[in-house]
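Just below sit the structures, each encoded as structure tokens.
Look for chain A in each of the two complexes below; its partner is chain B in the first and chain C in the second.
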Partner chain A sequence: MKYYSFGEPSGRFIGYSQGFKVYATTIARQYTDMRQPEKKAVPQGEFYFGYGPSTGGMIESVGVDLLTPGELITEAYVNPSYKQRNVTIRGRTIGDASLIVERINAFHCAAHSIAFASAVEDALGFDLPDGIAHTRIIALELERIRSNLLVIERMCQPAGFGVPANQLAILREEATRIVSRATGHRYFFSSISPGCSMMNLSGVGNAVRKISSTFSRIYDDLLESKVFMSRLINNGKVSIDSLIGPAARASGQARDARIDSATLPYSRFGFTPVLHETSDAFARFQVRSEEILQSAGIVSDALNGASNTGKMEKLEGDGEGAARVESPQGDLFYYVKVENSIVRDIVMVSPSSSNIAAFTQSMKGNIFTDFHFNWESFGIWISEAGVVLQ
Partner chain B sequence: MSNLWFLNGIRKGIVTEKFPKTPPEDPPAWPSMLSGAGDARCPVDAIDGNGWNMDKCIFCRRCTPAYSPTGNQDIFTVESEAPIFHRSLYIYPLDSGSCGGCNVELMNIFAPHYDANRLGLFITNSPRHADAILVMGVFTEGMEDPLRLAYEAMPDPKIVIALGSCAISGGIIGDPALDISKYNVRIAGCPPSPYTIIKALIAAKGV
Partner chain C sequence: MYQYIAVIIFGIAALLSVISRKAGYITVVAGSVILIVAGFRPSDYQSYFILISSIVWILISIYSLEYDRKYGRWLSSLFSLTVMGMAMILVSQTYLIFIAGWEVMSIASYAIIGLNSRDHTPPYVFMVFSEISTILIIAGSVFAIFQQGGFSFSFLPVGNDTPLLLISLGCITKMGITPFMISEWLPIAHGNAPANASAMLSATMTLMGVFMIFRLISLSPQSIAIGIFFLAIGSISVLFASIYAYIAENMKMLGGFSTIENNGSILSALGLLLIVQQDVFRIFIILTIIIFSFAHSLGKTGLFLTVGSTKGEYFSQVSAGSGRWVSAGSIISFASLSGLFPTLGGLATWMLLESFFMEAYLGGFLGIIAIVVGSVIAMGEGMAAGAMIKMSSFTQLYPKTRTSRSGGLAIFLVGSLIILLFLASPIVFPAVLKGSVSGTLVFYGFTIESRFGPADFGLISPLYITVVIGAFALLAYAIFGKPRERAVPAWNGGRQDLTVYTSYSYSSNIRLMLRRILRTHVTSGSQPVSVVDIFWNTMIAVARSYRNMARRITLGVMNSSIGWYMVYMIVTFMVVLLISAYVA
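Moving on to the complex of A and B:
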């Protein structure tokens, strides 16, 4: 492993899986109890309001229990394990494992595929050519644009803000069609694997610029809407130490795997993270919005020098590798152990698990009508939080 | 852009495609109907001596060049039509254990490019108001009861729709959410595109 080592905690906390805690440069073997925390006893005059697991208000199946005397929420518990998928990767070839990794969370397939591919490349001692690194940056930033558009669209919906929600849905579909024309698949499936990135980048620059300029106008108008802003300001304030991704950057902390990246040359494009200070849903909305504009700029810059390659010629050898990328929700980490092109061990640390912990903290003291704005502002995906890789 | 959102909406004009009256404007290559023959590498046994099985296929491209995508989005099977719903079909979506791809594509059919409401297709948040339950993802223990309870809560007549290869066959992830014989409609794809979903749901109505 070039970029990570097993050892004592060092650097900022990234996240955890059952057997490991991951820090900026080390992986600490520490057991984490992944079971649901025990619920607080119900105080007199309060009750648990159960929401989910199958409900129209959420994109995925998830159980939420809110302790409340009627309107104020005093405790929140999120159970992502209703749809827990136990997926067997150990013992599979690298190629088959790639197909499964893509399907951990389709909407963020590029982030998962690139993190996994980078870990495998680290394990097998493969040095990523510059051109492919650029192509992967384009894939990650395109995915960030689309993901952030969905977050903002979903934040408009509970406000009954139909026109901007639909205009953002149009932009999101246009971003999806860019991906589809570039890779042949609307969600990057089978276009990124170890040593390989296959994207037809013609027309991508212009199409992304169009999205960026239209979004910029929508963002300006949303900022002028006091009714919408009042639903976000002071909603879901949280500033705990373990924040990652947009939630961390919305509380003024410059935490971003793109700053730390050893394999993807973000520094070449003068990357500095977007920061806001107020730690609430409004700040997360601002970070996500401004990152759309920033990502569009990075795509434009990265197009110079981007190239494609076919499949990695030799996927043989033994080794351990680890890699981390900045998915739209935050740090996404993979560790793999490979023997003769077979994956013998795999650990994935998902940003959604950390964001669920942050969300539950942030709901205390909120009221019911804050729920959806706050939930959507974290961009949580249950499919990546509720998966067990075996 | 004016801050009067209503005017903003009008100024944007109509972006909805004429589909399905006209062909899809921007269909993806994958997933779509495959053409080809013979044996080929397939991680989910969707290709064997009998040719290609769309229900099992995860459209991973391993079978190229023996098989290639045609762009044809009609990759679905309607076992029994339900003409009683020909005017409107209310769908209750249930995520049994998906990767989120099918969920987003289902949501997309109601976005302005597709606007499935104009075709008499609607989402309902309660199984009590549903004509169809649409199942996404593989079987998971935690969602077994919610799936059964939702089905039992639906009034008769009702239909069961599988969306995506995980729900139909388990794909490469696990076991199917329900036995294949329980589905009235099977929509193939990983995930199926909005074009495929719309066409399949209209066909399910017998229109």
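Moving on to the complex of A and C:
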């Protein structure tokens, strides 16, 4: 493992899963109770308002319990396991495992596929050519643009902002079509696997610049809306140590796998994370928005030197590998143990699990009308939090 | 003179009650009927208070026949004695009988609260404020008697407005008007007064204050200053009492604050009466006061009798059984207290707001005051509707048990009367306030017009409203028939467990939105959103400051020093001489 080693905690905390506690450069084998925390007893006059798992207000099935004396939320619990998926990967070949991994959270297929592929490559001692690394960075940033567009679109919807929401939906569709043209699939399926990344990058630069330019105008308009701003400012303030991804950067913490993970060579592009200080939904909105513009710039830079295809010589051998990339939600970590081209062990630490914990903290003291704005600002994906890899 | 027979009968009822509760209540019913027959004259607006009070006493007595078994023999007796005190006020022709009635009423009701209270504070607070009101009333009466030459104790016209101000302040203290709201809601909510006594205290005792202010206004010269004072404290009372009613978790507290809100509305109308010059407009305002008093008294009776039938004083403890007639009567009472049609409360609220709009239409400084006061009252009425929806939802719409409830007849009678009186209300209006709209179903004799001159300002037809509502209801029934009920498991986002909404949560939006006004505390404790009574806290703070000041003077000046004592005596003697010279 060239990126990670087992041992004492070192560097910032990334997350935990299935007996692993993952830090910036080390993995600690440590059991963590993954069960849902016990709910607080209901005080006189209060009640648990159950929202979901079957509700039109959320994209995925998730159960949220909000303890409230009316309006004010005093405790929040998120249960992502109503539709828990048990996905069997152990015992499968690397190729088969790759097909499953890219479907764990299809909307973020690139992030999962790249993290998994990088872990396998690490396990098998494969040195990724620069061209493929650049292509993967382009894929990740394209996915970030699309994911952040969805987050901001979803933040507009509860405000009844139909026009910007639909404008953002059009931009999201444009981003998806870029992906489709580049990879042959709207969600990167089968385009990224250990040792290779297949993308036709012609026309990507211009198309991304167009999205960036249009989004910049929409973003300026949204910042002009006091009604919209008032729903975001001071909503869901959270500034705890375990924050990752845009939530961390929105609280002024420069936590980003693009600067502290060697999996992909972001340092070549002089990357510095977008930071905001106020720790609320507005700051997360700003970080997400400005990262769209930043990602467009990275795509433009990475196109120089990116290679369209790549191929791993052979997917054989034994070894352990781990990799971490910055998905749109934050640090996404994969560990694999390969024996004779078969995946014997796999651990995934998803950013959404960490964001759920941050979200529950941030909801205390909020009111219910703030809920959707705050939830969407974290960009939580239940598909990667409510999944057990076997 | 025959009216005093009723007073004597109420006294007999108090004695009879010691032997037999039921005999006592039946005697109160008989006395009330006699009081109506002997005292009510349609042309005499003051006598409408006799009608209102007597009807309420009859209804409460019918209800009490099955209600007060667990409260021992003294409740019936003290109830009758309180009624006797109120009857003395209503039939009094002299200040002496009025004051005597006021004290009988106060002491008997104090005994009801004291005998049923688990805590000494509620009866103590009740008595303190009762005695403050008595002192003010006695002071006002002395001034009035002095104005009349010092020999006649009868109610005669007075030359200035000082007696009106003093007696009104006494009545206001009793009515729970801001800043004395604690005098009304605390004894009712935390004095553990039985529901029938609560209904009597809330529906008719405070009405005695309205009656006396109304009577004094008829004897006093018009006073814009006192009128504006009434408008200010009346409208503030409406707004704050309705907010506190909305957030109340104790149903009797909600009723107590609703009473303050209603009294605030009536006081505002009395204030307008002191300002307005036009005769026709004055008649409209007088009828507003009477209709509002009627609506308040009946509605509040229905509310408290409903609380008595729910077997629990807090919304969280409500164990309301089912009962079609009880629910109908209760919901009509709540609708009336919300100011909704087709109820008497709806008419009263319309008349009150119409009065303020008319005064605003006349313009000038008073017009501006009227539009501000009218707007504040309208906001309060909206909040009151929210409080009554809370009451309806948590006591009537979702019964927790299938057992039938007691008191159904009386509660249904209250509801029926509220609708019937709404329909019959045009009868009490003089010809000048009646009208019609040709070519429509708004016939002459069934339509009330608001006006301050020849031209009408607005109109309302109780019959038309009732017919329209009834016709649409019948049409819906004819088309769709009786609704078919189908019980299905409640849907809760796909979960097995159910969410149970609480009344506390219902009100927390206001607790949080008005946190600056209500001084809402948001903590992480067991009750995260809590509100304090700012008026009570202010009053306690003032009392403590006064006590500290008195202590400092006692220790610093009045510390057994003969020199300072002599100075004190001389200064006091001179001040008394100066006041006497000024009054003379």
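In this section, the second predicted complex is superposed on the first by the 387 of 390 C-alpha atoms of A that agree within 3 Å, B and C clash if a C-alpha of one lies under 4 Å from a C-alpha of the other, contacts with A are read in each partner's own complex, and residues count from 1 in each chain.
Assume contacts are C-beta pairs under 8 Å (C-beta built on N, C-alpha and C of every residue); 3 or more make two chains touch, one makes a residue touch a chain.
Just so it is clear, the model here is predicted, and its values are computed rather than measured.
Touch criterion met: A:I104 reaches chain B, while chain C stays clear of it. Legend: residue contacts after superposition of the two complexes on their common chain; A:V87 is shown touching chain B, with no touch to chain C. In the superposed pair of complexes, A:P53 makes contact with chain B and with chain C alike. Of the two partner chains placed around the shared chain by superposition, neither chain B nor chain C is touched by A:N234. When the two complexes are overlaid on their common chain A, residue A:V163 makes contact with chain B while staying clear of chain C.
Once the two complexes are overlaid on the shared chain, A:P43 sits against chain C while remaining clear of chain B. Within the superposed three-chain model, A:S307 lies out of touch with both chain B and chain C [touch as defined at top]. Which of chain B and chain C touches more residues of chain A is settled by the count: it is B. Of the two partner chains placed by the overlay, only chain C lies in contact with A:I367; chain B stays clear of it.
With both structures placed on the common chain, the touch criterion links A:G70 to chain C but leaves chain B unconnected.
Residues 53-55, 82 of chain A are contacted both by chain B in one complex and by chain C in the other.
Taken in their complex, chain A has these residues touching chain B: 53-57, 59-61, 81-87, 96, 99-100, 103-107, 150, 161-164, 166-167, 169-170, 172-173, 176-177, 180-181, 184-187, 189-190, 217-218, 220-221, 224-225, 381-383.
Contacts from chain C toward chain A in the complex involve residues 249, 316, 492-495, 497, 499-509, 511-512, 522, 524, 526-529.
For chain A in complex with chain C, the residues that touch the partner chain are 43-55, 63, 68-72, 74, 82, 365, 367. Of all residues in chain B, those touching chain A in their complex are 1-3, 5-6, 8-9, 12, 15, 26, 28-31, 43, 58-61, 69, 93-105, 107-108, 111-113, 123-126, 137-138, 140-143, 146, 150, 166, 171-174, 190-191, 193.
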